[in-house]
């Protein structure tokens, strides 16, 4: 079982609550001799950090990561991984100022479920169930990228509040030029209006994150229970607020005919290699759970933020009827800040698969 | 890594190819003293068996299961599990008559991917990547049901070829009264027409399977990487031809506002217990990865069968251009026979979660 | 947990009881393209098979192994592994003739402990706790050897009934020329006398098995909890009747001074490689859990057979006082037939380590 | 694989090097609602801490543990485990003052093996291979004790430099009244003289640690690969400098006859329970890998400290011949400080087994 550990050969174990002294993770199984310093990790944490636009929570978390083990600086002054566990830690700076009290069960949150399971819960800011834990996924993902450096990842919001991007207007450069990781600048404009309105109403919106991994060699992955699709689905559905995942055409494939869904192949003369040329990629880069060499395409549905100002009926832990209105500084759309998390999880899956593939096939 | 093993404490390891002498599985970690004989398993295999209507493949596989270990008949004549590994085996009856040759890579199949990974593949009927392997999941699932006997599972097709059931006409009794595990008799009639037409055209259709688990106690599951949602997603996406999975409202939740998606709670006076009464179940029975006591609702998208008579361009293993038309006896909609497989996988997940939950919380 | 599964990347799951219809195992994670047929496995089973001399049990078990999956015969007529799970099965030929009854708890056997744990046990011939299970370890070990073919294994009895071999008289060729896998022909003669006497007295003797693995590359293994020493100790102590294990000088090292125990190194000029030349091998081929390139030396202590004709006081499952005298055909020294089992377990550990090492270090 | 993780359901992942900023561990899978604060852990760390007598290294490591996550203080002011991962950290206080240089490979140390495996190593004080890592095992073990509080552990040195205790003079109270965890006061006096002499000569001595666990319920443990014996052996052989492990009579059992080694049973009338009364405990508390209810008896052999002042021939990492004399502050007998580590590892194994047993059998 691996409640707080992710991965088979590249294993990430995270710990920490939103309002404890710190959060952290241990990355075990990393190959040795990879150049690694805090500077390789911090930019990804910065991309996830809240408070960077009016569309995300206004909390201020500097999220400065420290590497506590697993690297060593050689005589050339370059710090490298040693093959031993890499411990990362981020101190929780502001948590002491907060004044949390045990409150009613917040609908959509894990409050009631934690109590039902453990008979106890750290109710300060969500405790372990807070999205704060995802900072460590992003940090670990930065290491994973260095392990599977042949892979390029592109991640963006493809839908917000039910409003999808125009795929004809897809502009990869636009992704980092708006507050939404949106590849369609016009959609980004609409989304800003929608989100402002939701915030005014004390409400929140859902979103769909899409992640494309190019450069994944044909052969990574495995059949049956360890299918690449299964590993990805597990990774994504383990992210806070995720409620659906699809590979390639996903649910839309269930509405196609076999002749429409077929990814025809032809000899890849230009490529000079073994990989055939695929006329389409309905499958999203996998067949039988194994990478085909085509881009891996993943989509993840995020529900709207559960913490909303609009009051909702609920009960407290004594079973008394009450109503809750969450007034703190919350993301009006958790899907936005999920973008770097989805990318990190795919990076972790692929690095693990790279190690697993070479273990069996040499 | 667990390529051919599923589960943490209740572990199923399957083996066998579609055209080898047999297929089988080992179920390890089963609690002792559970009444178990072949008669507990066979009905579920019969439900999955092909050739039961014109809408599934016309192959004849008796799929008679044998229990080779892990049970013992006491002096009362009742056979019980002993806590040791349960070995199940089904002999492949007809496989010798087949005359398979190494052919071109079938688009949508794992042929090319297996060659890319392993440099070798058993090309007789799909070998290991054949849906035949799912028979063992169904067999193992029958054991899982006995472990988590507090859970009731209802599974059906909710969509075929893009045509959805009318939820207002939902009739659980209808599910086993048509060829499609369809709870809406009128939809079943439309689907018969659609599938006949697809078959005539040498084409195939996709489908969506829905599975509902009632009676899951609040508290099963776990946070973070082992979320119940993540375990279910992994289980479902490891089934042949699955391309998407969602829990509760899934992708539709991404289109709701927070106020619409909130599952309000109120005191469950009538129930007399600790579980609150939920006004809705958008979440599909989980919060923070832990069961809330509400029904677990899962939907899985199955792509249309890749083996179609309509010709598709492809290459053979030498990289030569060719075209393929698959003329064998194939299911025109793999989603139909996936129904018992989805149910078995959920049974396996839930039984495993039951053991995990009592391990940690006593 | 892996009650019935051994290994991390090369995983063996065994099943079956001594008096069920068959025993078997599934070997998962095997690299593809390895030549493998029953003929590669059978000789090792034959070496373990009982009834080959008067010094082992007179039961007749042909132990004919069948490969049921995971191999494929190419057009060159050579059967190779495909990277999918290899299922091996041996039918239990004579088990029906037996007439076992639930008897008193046999001291030294697992009878009472199984009842205490599971509340049920298959009492026919020891059921799952029978040494019969080790046949599958030997079968799986034959596959492991092919994976780590750079390693040479030499295994023998170094002590029987407290009488040790003369290491000055060590003759590797003698090992297979006597009934005891004994490298010292004179010791073998003494042991024959000792064992004849023990058998006459209705008693049994213990033994120590020693296994030496040459050719293990420096670097295999790992630090901390996955030390090569730890993996080997786990493997060996999981064999029936094993009660002690040591690496290199083992317990004798605890009686040496640091200056005596030091394995001095010097440049290995002749070898032309990176491996230093070690002046001694007190460590038994490991340092910090990692192979040094020196031979791995393992010793395993086996207690005397618990099934003896001499009566021993015991209780039956109702708690009634009784006495038991085991009159069946039992090995008077289980250590003898443990020799191929120890070797197989070391082969399994080393093949697994090879895959783990190349996973992390490429 | 679990290089830096120990356990199945109670999992400890350690990290850190002897001269990095800190060492730590994450304890995952702990049951909720257990009272836990630093005060429960610190005494065990203090017992392991160096510099408490002239017979251990004179380094000063305050080893002050902090709990960073996984506990929560309720309104009653009592801090309890929450079921989420417990992160423990100890800062390395003195490590900056040290001035280590990459030196020749120290015989008996992991220096050469790490380089062979990883191509890099943190050469400051042994880096990851330093016994400093065992502090975290002791800390985690303190948590394990609280999980399996029905078990009582007694651990001591039974042999030092080949000089064994007189079992007739065994005095449990004496264990903590001398510098050697020695239950025989006279042996402790002899050992002081022996160790003073070894230190004067620039040499070191080995030792044997014995650990007895009473109160382990019959039924914990499992058959085959997960035998309690196998789990214990793996745990012990993963400790630095351990070279041998035995359960019960161990290697001595290999020199007994079956009739001498038999642990006769009789009805335990006085006990009123199901557990029979055993006339002896040659088996050391296990049968078939499962606890019998008798005390678990484990012995672990520790080689003499490899770091000695007496010069030993070696090579440096360039392959140049040299000689090494280790002049730092090293334990002249690592076995002494291994006592709390052995006890902690057995506590971890038993707590894990408790969870595993109740998972399967309820």
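We call the chains A, B, C and D, going by the order they appear; numbering starts again at 1 in every chain.
Throughout what follows, a residue touches a chain if its C-beta (ideal position, glycine included) is under 8 Å from a C-beta of that chain, and two chains touch if they have at least 3 such contacts.
Keep in mind the model is a prediction, meaning the values are calculated, not measured.
Common neighbours of subunit A and subunit B, listed by label, are C, D. Of all chains, the one whose Cα centroid sits at the greatest distance from that of subunit A is C. With centres defined as mean CA coordinates, subunit C is found 45 Å away from subunit A.
With centres set at the average Cα position, the gap from subunit C to subunit D is 26 Å. Averaged C-alpha coordinates put the centre of subunit B at 39 Å from the centre of subunit C. Among the residues of subunit C, those touching two or more other chains are numbered 1, 3-5, 8-9, 14, 29, 32, 83-84, 117-119, 128, 223, 356, 361. Put simply, subunit A touches subunit C in their complex at residues 9, 29-32, 83-84, 223, 355-356, 358-362.
Within the complex formed with subunit B, the subunit C residues making contact are 1, 3-5, 8-9, 11, 13-17, 20-24, 26, 28-29, 32-33, 66, 68-70, 72, 74-75, 80, 82-87, 102, 117-122, 127-128. In the complex of the two chains, the subunit D residues touching subunit C come out as 1-6, 8-9, 14, 105, 107-114, 116-119, 128-129, 133, 159, 161-162, 198, 203-208, 218-227, 229-238, 240, 242-251, 253-268, 274-276, 279, 282-284, 286-293, 301-308, 310, 312-315, 319-321, 335, 356-357, 361.
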